[in-house]
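There are structures below to look over.
You will see chain A twice below: alongside chain B first, and alongside chain C after that.
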Partner chain A sequence: MGPGLAGYIIRRLLWAIPVLFLISITVFAMLRLAPGSPIDAILGQRYTEEQAAVLRDKYGYDDPLPVQYVKYIGNLAQGDLGVSTRHRDFTASEIIWPKIWISTQLGLIALVIVFGLGIPVGVYAAMARGTFIDPLTIAFWLAIEAIPTFVLVTLTSWFFALKLGVIDLGYEGVWTPNMTVPVLVMSLPGVAGVARFMRASVIGVLGEDYIRTARAKGLKEQTIVLTHITRNALLPMITVIGLSLPGITTGSLFVEVGFGIPGIANESLQAVLAPDYDVILALVLFGATLFVLANVAIDILYGFIDPRVRVGAGRGQ
Partner chain B sequence: MSNKMLTLMMGFVAFLILAVGVVFLIALAGGGDDDDGSPADGGGENNRSSTSGKICDGKSLIVPGDDPSSVLDPIQVADVSTAEYVVEIFGGLVTLDPDLKVQPDIAKEWTSSNGGKTYTFKLRDNVVFHSGTAKRVTANDFKYSIERAADPANASPTVLAYLGNIVGLKDRFQNKASSVTGVKVIDETTVQIDLVEPSDFFLSELTYPVAYVVDKEQIEGNARNWTQKPRGTGPFQLKEFKPAEKIVLAKNDRYHLGVAKLDEVVFELAGGSILTRYENNEIHIGGFPATQLDSIKSGQNPLSDDYREVPEMAVFYFTLNPQKAPFDDPKVRQAFAMSFDRQNINTVLLYDAYRVADGFMPPETPGYSESIKSYSYDPVKAKQLLQESRYAGKLPRIVLTYSGSGSAAPDLLVAIQKGWSDNLGVEIELQAVDSSAFLREQRKGQFQMQSDGWAADYPDPEDFLGKLFASDSSLNYARYKNDEVDALLRQARIETDRTKRFDLYRQAEQKIIDDATVIPTFWPVTHTLVKSCVKNLPSAALVIPKYRYVEIKDD
Partner chain C sequence: MASETTVPVLLPEPELAPPRRFRTLRDLLRKKIALLAIAYLAIFYACGLLAPFIAPYGLNDQQLTVETRLQPPSADHLLGTDRLGRDMLTRVLYSARTTVVFTIVIVISGGLFLGLGLGLLAGYRGGWVDTAIMRTGEVLSGMPTLILMLAITASFRGRINSWSFWLEDHTFLGDDSKTLVKFTIISLATVPFAWLGSSRIVRSQVLAIREQAYVTAAESLGATTPRILIRHVLPGVMPLFLVGLSSGMAGIAGAEVALSYLGLGIDEPAASFGNLIGDVNGTRFFEQYPYLLVAGAGPVILFLFSWNLLGDALVDVFDRRQNSHR
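Entry: the complex of A and B
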């Protein structure tokens, strides 16, 4: 971790700025040029030109587009994400952060389950290759993955709430028993992907010379599997985990709509339909920023796990 | 795999797989049962729900709600979703009871003089704003509230339509005056309102939120955020508002018309599977998909006992633009009106979800007359009319525009489109336009033909006919103009004898329908489920303050 790494991170982060600019300009223009506007949505059937003029003035839609954009960026630089026109009492920040937080917590729980289950399942299947256990395990998880989410939502709500009567479905907070089923629906279909990836990775590692060496040294099987096989096989998994991190903040649309969770996926859909200019823009920029950050973070993490890819190490390259 | 640790780990994974597998197998097997659709299965579920008292114990009513699409400010409300909350939180001089009759609210009595052009309201002296400040409502608050509504800077979307008859209000709205001269404070508990022309429906108009009283002190103290914690005078006050999540209304302990029996009403805004949650006893009021309407209505469904049909004071209709070919020829319009079978469509396609509209105004409207007749299904006559029209054999391309998103067109429109195709041999194109763009194009009168709807704001024929068809009304998007109808509507507007007035509207309505610029199709109905322990929930065709009557009681 020398100055080289810091420089690298700074360079990568600086590159993010033009990317975000481009995204914001594109989305900003697309929203403003699309048919329909928040003013039409607000006034509805009782629209009159006088009222529209007052509202346009209030939201600054009268200015030429470039002026509006510059003002927007100016406010953004001060941390002001604008106002919501769908929830007219609230600012965009008041709307998106609590909802992103709800989705993120659920997403994190689901992520832990997906990898917590997927990685051991993958190792298990790989170690059992050649027997019927391997294809059976993978096939089972694939079968779950194959069920469309909305079917799973209906099936599980019916089963757990009505048939068993063990839980309620209404949202009462993330850390309540009611969220068990939504979290399972979010996570279980993802296990297959992780398991298969892990299985392939483990099988790849099994053929490596150092595994044979370890066995020849007479190491315990436990040490070989945990230290040598799993640790090395986990390396490519870092990218997968890293890339799925931004995803957890966006929530799962089917799950949120299906279970009535006031998360960000639900809100995004409504914002686009409204249209709610500032909320949409804030969400797009938030997503893009996370994506860029996740990519940088993955590159750095690689360095910790495998010294060969450590950037700016200056040795052994 | 001889190692203990490894075996343990593998065993744990195997156990997890097994556990999840078993649960899902049971779920799938159970799901299979359900697909057979055996009513006994559903019956079992419902028995559980009707005997379970978990939501029938407390004093908190839990209902699915919609996000308010406007702010909780009476003068900004123009939509049903926001009005639902505003009518519970705020109040005005008068209100509507569950039978949609005008009743005293903050005014305890009133007199009309000067040939129906002056109304004098005597206020109660015990009405206070929410939030413990116990600030009394006086005549000055009403003057402030109406002037605030008329202030052009506030751009109320409804003030002109509902209060435009008050002397000086238009001038204030157009910034030609600094106050509304027609609203006078006689003394602390007396307000006098002068009207430009006599009006029999003025009191009905006053039941609409734009005329409600607001707290000057609060608004001027917190101009930007007061609507997040508004102080009104209604039976409930806003306790919690989490956008897209929930709205909680708590009872107002000092409500002057009788304190609510409920402690609170929780509106859940996030959606989810309403029916499942209803069956699971999580909410008191629920809905269900249209496909179940048949079985629920016919009493075969375990939910049939909870079923309730609430008519809506609203109408669906088509507008045929009389300024665009081919609808500038009345014969073409009439032919279109006669060539789809509404009764059949309603029965076969819609599970009788609607009522076929024989006229424009639904039966709940005061002044409704059964004598109004819309064009009945007559394909032979329709074809003949089309032959006689100027456009016989040379119809231009016709596009029917509706508000909606891209995917498949609603079944209803497709069925009507088929009627026109089968009976007239005319192929209509269906065009979906995003709702806000739809409204914009509608205002410009751009559409050749469109699918429309109108819901009343107050119970009077004026709110249907005067608003939509008087040629000088800003809401006349159909660009309808018929001098005879104009004369009738003008006369009706100032007639103070109710019987005579309703008769004038009846004549106007029949002429409007005969002209076939609008083709009324259906009167909508809300189909809901209400738990049996919810007592006295009014089934009103309009948005009225209703939760103060409700009581939760198991029997």
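Entry: the complex of A and C
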């Protein structure tokens, strides 16, 4: 890890700061300037001006917007994400972290399934290229991808809960049999993307000289596919896996709503509709930060795995 | 990269390349799939654009009697009727119109204008302009897109009435104002995310083309930047840009369907697939009236599937062409 890499990482992280500021200002302004406020959500249809004034004062909504923003950022710098107005007497942190944890566990299981299925499917399709099996395999998964999640939710919950009666639709915890169907609904549409990427990667490797050498040495086809082709084709996959890691924390909105999972996507929808200013901001900034970090992490990881692409060495900047 | 001269060919060729007849069969099937996809898309777009002329009934012709509500498909109503006794085929055609217009609007604003424009700018100007555009795009693509779209649509939601009343009073739009306002809002929510993929593709293409001798030659001859971009860089960028655009189409169309399903996009009295699907409320309702979901979801699933297939086929064809250049 030379000085070039360190400098590159620092530059990347420094660039993230203005971008994050821009995002926070935009979302902040958008929320505050929109009609409808948390006050309406708290007090309901009828309330007196005095009641509203007390609450506006409590949450500081009477201050000019720039003052509110500076206060928010000041608190944020001390790790205070603000308060939830939808769940009164709870801070935004108390609301989001447990829900993020629920969604992340489900997302992680789904991620394992997506790549666990997508990679073999991609290798299989690539090895079968030249036959009709290849396009049909890819087309099958593209068809699954084309079904909107909320349609899949309706179809699967009807089939598995109503028709077969093998699952209940209630949420009883992440690691319960009831979560099998939601996790499948989350993961199956993603298989096509991974499979297509893997297929292209394998086809790229197939043209390399060392594959020809391996064949010439008379190695078993199985050995060639597993150790020579798949392993090398997996290298570009690191980016895809890395970039999809932050996504698992956000949860799948339609799956969480459809199967009644109290995850973060469900909460996000409620927070947006309420509106619950601080919770929305916390979620957006959390997602953006995580993504920036993941991007930098991938760059570093790449440098370790494949020295040829070590950044800073050949960038000529 | 695999040059024929350095490695002596030890194996007979058929071992390396798949047998010829399979390849032709596969190419044929590939092409057939792509052709089918194109054919379906053409029909879909034609139906969408011509919806008011070919729809058998009016969009909101209600027939609120027991015999006319929630009827299965029949000769009178080819796709059945919904809970207000409206013809489903008509609603599907008008939903197609929503999807068609939406995809066209987003392709022009998000794809052509922002994607191509910002990609060209980033690739050709380089420096901090490039960094600013690409980093912004990077972070935006990592955001929980749907949630942000929801935030945008929800924050405009309270203004729909005042804006559409203003339009009704001051323009010729009349009853369509509300739909136009809603349409504008979901477009505003989608566009910020619609340029991300295509601008990245365009930028990397521009970076490669910029180094070509003919671009340097044009520069040294004193050609203006717009001229170089349009005459020399753009033609090289277009093929991959179109490939990227077609791969992103399903996502764009899906965004409108999802927002409308949640009731934050296009809704009554206009029609959207998201709305038709949302009408099938719950599994019990689906069990009783499955044809409503089939009619409402089927056409749009095929539409998204066709774009997926076409995008995949284009990427494949392009990959192969690039490989044969090496």
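Operating definition for what follows: the second predicted complex is superposed on the first by the 296 of 317 C-alpha atoms of A that agree within 3 Å, B and C clash if a C-alpha of one lies under 4 Å from a C-alpha of the other, contacts with A are read in each partner's own complex, and residues count from 1 in each chain.
In this section, a residue touches a chain if its C-beta (ideal position, glycine included) is under 8 Å from a C-beta of that chain, and two chains touch if they have at least 3 such contacts.
Because the structure is a prediction, the values reported are computed rather than measured.
Applying the stated contact rule after C-alpha superposition, one finds that A:109 touches neither chain B nor chain C. Legend: residue contacts after superposition of the two complexes on their common chain; A:158 is shown touching both chain B and chain C.
Contact with both chain B and chain C is seen for A:275 once the two complexes are overlaid on the shared chain. Once the two complexes are overlaid on the shared chain, A:150 sits against chain C while remaining clear of chain B. In the superposition on chain A, A:117 contacts chain B only, with no contact to chain C. Once the two complexes are laid over each other on the shared chain, residue contacts for A:255 go to neither chain B nor chain C. Of the two partner chains placed by superposition, chain B and chain C are both touched by A:36.
Of the two partner chains, chain C is the only one touched by A:200; chain B is not. Shared contact residues of chain A, touching chain B in one structure and chain C in the other: 35-36, 154-155, 157-158, 161-162, 273, 275. For chain A in complex with chain C, the residues that touch the partner chain are 15-16, 19-20, 22-23, 27, 30-31, 33-36, 129-132, 134-136, 138-139, 142-143, 145-148, 150-151, 154-155, 157-158, 161-162, 192, 196, 200, 203, 207-209, 212-213, 215-216, 243, 246-247, 250, 253-254, 265, 268-269, 272-273, 275, 280, 283-284, 287-288, 290-292, 294-295.
Chain C meets chain A in the complex at residues 1-2, 6-7, 10-11, 15-19, 22-23, 25-26, 29-30, 33, 131, 135-136, 138-139, 141-144, 146-148, 150-152, 154-159, 250, 254, 257-258, 261-262, 277-278, 280, 282-284, 286-287, 293, 297, 300-302, 304-305, 308-309, 312, 315, 319, 323. Chain B makes touch with chain A in their complex at residues 1-3, 5-6, 9-10, 12-14, 16-17, 20-21, 24, 26-28, 30-31, 34, 45, 48, 67, 69-72, 76, 78-79, 152-158, 160-161, 173, 225, 227-228, 241-246, 268-273, 276-277, 279-280, 282-283, 405, 433-440, 443, 454, 474-475, 477. The part of chain A that touches chain B in the complex is made up of residues 35-38, 40-48, 50-51, 53-55, 84, 86-90, 94-95, 98-99, 117, 120-121, 124, 127, 137, 140, 144, 153-159, 161-163, 165, 168-171, 188, 220-222, 225, 256-262, 266-267, 270, 273, 275.
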